[in-house]
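Okay, here's the structure, questions in a sec.
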Amino acid sequence: MSWPCCRRSRGVDVGHLTDAAIALGPLLEEAARPDRGGVTTFLGLVRNHQDGRTVLRLEYSAYLPMAEAETDRIIAEAAARWPARVVVRHRVGALVIGDIAVAVVAAAAHRAEAFEACRYVIEELKRRVPVWKKEFYADGTIEWVDPTARPARVERT
Amino acid sequence: MSWPCCRRSRGVDVGHLTDAAIALGPLLEEAARPDRGGVTTFLGLVRNHQDGRTVLRLEYSAYLPMAEAETDRIIAEAAARWPARVVVRHRVGALVIGDIAVAVVAAAAHRAEAFEACRYVIEELKRRVPVWKKEFYADGTIEWVDPTARPARVERT
Amino acid sequence: MPVRVLLFAAYRDAAGREVIDLPLPAPATVAEVLRQLKLAVPGAGALPERPLVAVNQVHARLESPVADGDELALLPPLAGG
Amino acid sequence: MPVRVLLFAAYRDAAGREVIDLPLPAPATVAEVLRQLKLAVPGAGALPERPLVAVNQVHARLESPVADGDELALLPPLAGG
């Protein structure tokens, strides 16, 4: 099935998932405000290796409407726990090494809140948001990534 | 006394302290590498209020050679504890609301390490690096900021 | 009652289908839909015993009820971020 | 022995000076330098009993030794970041 990528229900907002390159600048603008002096950002970049294999490129796919809704829920949970504004973008589609796969920006008056809200959102996002990654390796093989099948150390990546 | 601002001892590097506007892009480039997929950033922005007073602008000054050396030591401590590359920039001179006062970028293979290294460096930086802030308030008064004289909640800012 | 089942990523590849409309006796649970799916779609036999599931875009459990017109999604291990 | 004392921010404003070269009997401690400074520079009397200090650009304590030619810095409460 195909959903229109990506949600445009919040005015000019493109939703949390996007098939366009993620630029950090606009996300910082969206999260920051003159009274929010602490801004913590997490960027997940496409790495060139995975479990010792060389990765050339990858494709993210998603259950888009649920991914949007679940990200909404996670952000609302963070907002209930910390006085922080959190902005999330996750790429879908084809990515190359070094691309920003996910960006989480948390802005708060105090840095502890910004760090905690940012960490919460990326952890929950990885645990709950329905997104899948297909990796294309240098040896010609292609695989759907299964973090649950990996050693714990790598699973936290 | 005046030291040349700012250190240029690492090739084209301007040192950790700078009197020029901080741009995040080059810092991300400096920290990231294709095998470092997790990048945590903390930005301290100039806020428009402090303890209920409206701030118009501020000036950071530093004991520059010690500030550079202490920041070196903090980054080395982080590198010894986590496999992360950390880049720091701290402004000196005149800043206005919304300016980036400090940026800490930590890039690692795994996000836990990036978060922990980033948090460690900003906490130690605030605790140990000799930088002072003079705030100019809307009521015309000017003050050297003393975080130790503030309620604990605000001290963590 | 009709229930729409969505398959994603590796599960879609395994079943060779991405949308499957199943007629089911009401009331049903996620587990019952999964059992019927494995009977109706040959490739679905390879799906795990207890996959991650969502009902109407909310994470659910195998014991969760499925009602008329619900959208049931079978989610391979998540790999976002 | 000569010891160079640096004052910063609020301490510099209070003392009206930023660099003070003090002759001191060796050996000395940071505390002794601080005591002499308060005698030599009127405005330095307002400095706290136990300020944050650095010797040769490394954080030190009041009990730390100060040697010939050392650079002693008196640091107001830090406010970076």
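Remarks
As written, the chain order gives the labels A, B, C and D, with residue 1 at the start of each chain.
The rule we apply is simple: a contact is a pair of C-beta atoms (placed from the backbone, for glycine too) under 8 Å apart; a residue touches a chain by one contact, two chains touch by 3 or more.
The structure displayed is predicted, hence computed values, not measured ones.
Comparing the centres of all chains, each the average of its CA atoms, the largest separation from chain B belongs to C. Chain A and chain B have Cα centroids separated by 25 Å. Mean C-alpha position of chain A lies 50 Å from that of chain D.
Among the residues of chain B, those touching two or more other chains are numbered 44, 111, 122. Counting partner chains per residue, chain C shows two or more touched chains at residues 81. Of all possible chain pairings, those that touch are A-B, A-C, B-D. Across the complex, chain B is touched by residues 6, 8-10, 13, 18-19, 54, 57-59, 73, 75-81 of chain D. On the chain A side of its complex with chain B, the touching residues are 24-25, 28, 32, 34-49, 97-98, 109-112, 114-115, 118-119, 122, 153, 156-157.
Contact residues on chain B toward chain D in their complex (touch as defined above): 1, 44, 60-63, 65-67, 69-70, 90, 101-102, 122, 125-134, 144-149.
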